[in-house]
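Across the two complexes that follow, chain A remains constant while its partner is chain B and subsequently chain C.
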Partner chain A sequence: MADLITWGIWISLFVFSFFIGTYREKAHFKNLVEREKTLVLLPALTMKFAEDRAVVKTELVMGSVVIGGDFFKQVVASLASLFGMRISVAEAMMDRARREAVLRMKEKAMGADAILNVRIEGLKIGERKKITGIEAMAYGTAVYYAK
Partner chain B sequence: MKFEPNYSENNVNVPSHNHFREFIRLTLWLLGIIFGIYFVLGYAADRFAERLPPKFEAAIASGITSRFDHGDFPRTSKYLQKVLDTLVTSAEGLPPFTYKVSIHDQPAVNAMALPGGNIVVFKGLLSELKSENEVSIILAHELGHYAHRDHLRGLGRGLVFMSIMTALGLSGDLPGFIAPSVQTFDLKHSRDRESAADLYAIDLIARAYGYAGGAIDVFKVLARQEHGFKRPDIISTHPDTLWRMQTVANYLQQKKYPAGSIRPLPESGVLPFPDDKKGKPGVVKLGVGPS
Partner chain C sequence: MEITNIETIPGKRITTHYGLVCGSTVRSKNAFKDIGASFKNMFGGELKNYTRLLEETRQEAISRMIEHATSLGANAVVNVRFATSDVAAGAAEIYIYGTAVRVE
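Moving on to the complex of A and B:
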């Protein structure tokens, strides 16, 4: 009987987190695409010097985000790690985090002409093999050119 | 250098959004590997158990049996031992142990064959038995497990099962659901062995007493117990009792064993015998036996 209860809790948690997680992920991706389209005019580049124009102001800008790994994703990730396969659930999480971080960085730099020398860093949160969450941070130098 | 804004929705970093399919694929892989390991190691453990020398078995047995050896109900144990000794002298194919029976003071309707020839009968089962025929069937059934070396087989498979689970437990928080599914599979194995032990028991009591009456009655006891708490067949260790009764009845017919007489229990006719408990201080048992 105790086995059945453990089973039941496990399965319902798993199913629940699958549906919620999938819904949240889809919504986030949709939101990312929309915001990326509106911010596409602000270039975020990895180069240190882009245009040969006089710079009047520079500023450090960064955006960071932490995305939680739900129960479903943790289970699938630990399964995939047994066989050394691509962890596609983590790929999706990392992609969301990086793009969100870049967007937040761009939103921080509103009014700038470009963000130069952009770097993106990622970090796993959680003990041992557990993926409690992942953090992505994007930072760069916002540049204001002379008009 | 001129910056030209250009946006593409094509996402090369996330090739698939179908995480569920990914999960199914990985689970099938894992289950396949686990079943493979379990089959191979389980088979090896079985073969090994069959060849385990009785001396070695007796040595490892003491650790397991000490938990049950309380010496409760001395007179009842003595009676059971007498029945058991009768059976052992006419039994065939038993490993050379000193067979001992002890009573475990638990309400469960169960009996166990522990390594080293130690049979444990639970008090719950004992109190349901109405004749010596039934007592001997129960004991002969457990002897059947020894003759088929089932008690060790379970041990070997259990060890393999535990090892796999431990290995999985170490590699992340892996599904609790894999454990029950493997166990369910093993119960099927255990079911066939129970049935084999039943038939061995019939043969044995027919040899020891010259007749095989009362065999079906034991299953009626089990059936009564299951009434109201019937687990689905697939997760039950012992086969559906009705099916077991049918198999035994068919076997009796086929072998043409005479039904014979019912041998009553000695003394007051109830087990365990009244006033036969080494009383724990402060525990007063009421309503046991006729007053």
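Moving on to the complex of A and C:
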């Protein structure tokens, strides 16, 4: 009986986290696409010099976000890692985190003309094997050109 | 204090180099807040507590670097890099370093 309850909790958690996690991920991706459209005129460049124009102001800008994985993803990832398969659920998670970080960086540089030398870094949150979440951090130098 | 992560400050001329300056902070997570995070971790999504914690930690490291640069007489820091390392279980170090310079 106790076993049945444990399994019941485990399975319902698995199913619930799949639906809630997928719903949230889809909503986040939709939100990302919309925000990316509005910020398309502020390019984030990975090079150090872009245009030969007079610069009036520079500023270090950064944006970061911590995204946690859900229970469903953890199970799928641990199963896939048994067979050395591609873990697409983790790919989606990394993608979300990086894009969100870049967007937050851009939002902090509102009014600038470009962001130069953008670098993206990642940090694992959690103890050793148990990964609670991943952090993505984007930073760069925002430049304001003379008008 | 002007900070960039490229070798110069565009539009300005570097007159003096003061060498490497750095700032670091080691922070551990809050075990009580972590309970909330582990609940949220069941269903995915952003862990806002962690985002805020890391942002604060980074700001602290930056302000320490700025303090260091100011004490040398610099008015800008160029080529800033960020580094992180796991010090102990549940704790992380944020390390920020760059070159202190005087610009005109």
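Throughout what follows, the second predicted complex is superposed on the first by the 147 of 147 C-alpha atoms of A that agree within 3 Å, B and C clash if a C-alpha of one lies under 4 Å from a C-alpha of the other, contacts with A are read in each partner's own complex, and residues count from 1 in each chain.
What we mean here is this: contacts are C-beta pairs under 8 Å (C-beta built on N, C-alpha and C of every residue); 3 or more make two chains touch, one makes a residue touch a chain.
Here the structure is a predicted model, which is why all the values come from computation and not from measurement.
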In the superposed arrangement, which partner chain does A:3 touch: chain B (first), chain C (second), both, or neither? first
Touching partner for A:114 - first (chain B), second (chain C), both, neither: first
Scan A:132 for contacts with chain B and chain C and give back first, second, both or neither. second
With the two structures laid over each other on chain A, which partner does A:73 touch: chain B (first), chain C (second), both, or neither? both
Determine, under the contact definition given at the top, whether A:33 touches first (chain B), second (chain C), both, or neither. first
Contacts on chain A seen with chain B and repeated with chain C across the two complexes: 25, 73
Contacts from chain B onto chain A in the complex sit at residues 1, 3, 5-7, 9, 11, 13-17, 19-20, 22-23, 26-27, 29-30, 171-177, 180
Applying the document's contact rule, which stretches of chain A touch chain B when the two form their complex? 3, 6-7, 10-11, 18, 22, 25-26, 33, 36-37, 40-41, 43, 45, 50-51, 72-83, 85, 88-89, 91-92, 94-95, 114, 129-130
Interface residues, chain C side, partner chain A - complex: 2-7, 9-11, 37-38, 40-48, 50-51, 54-55, 58, 80, 82, 84, 89-90, 92
Quick one: which bits of chain A touch chain C in the complex? Just the residue numbers, please. 13, 16-17, 20-21, 24-25, 28, 48-49, 54-56, 58-60, 62, 64-71, 73, 93, 100, 116-117, 119, 121, 123, 125, 127-128, 132-133, 135, 137, 139-141, 143
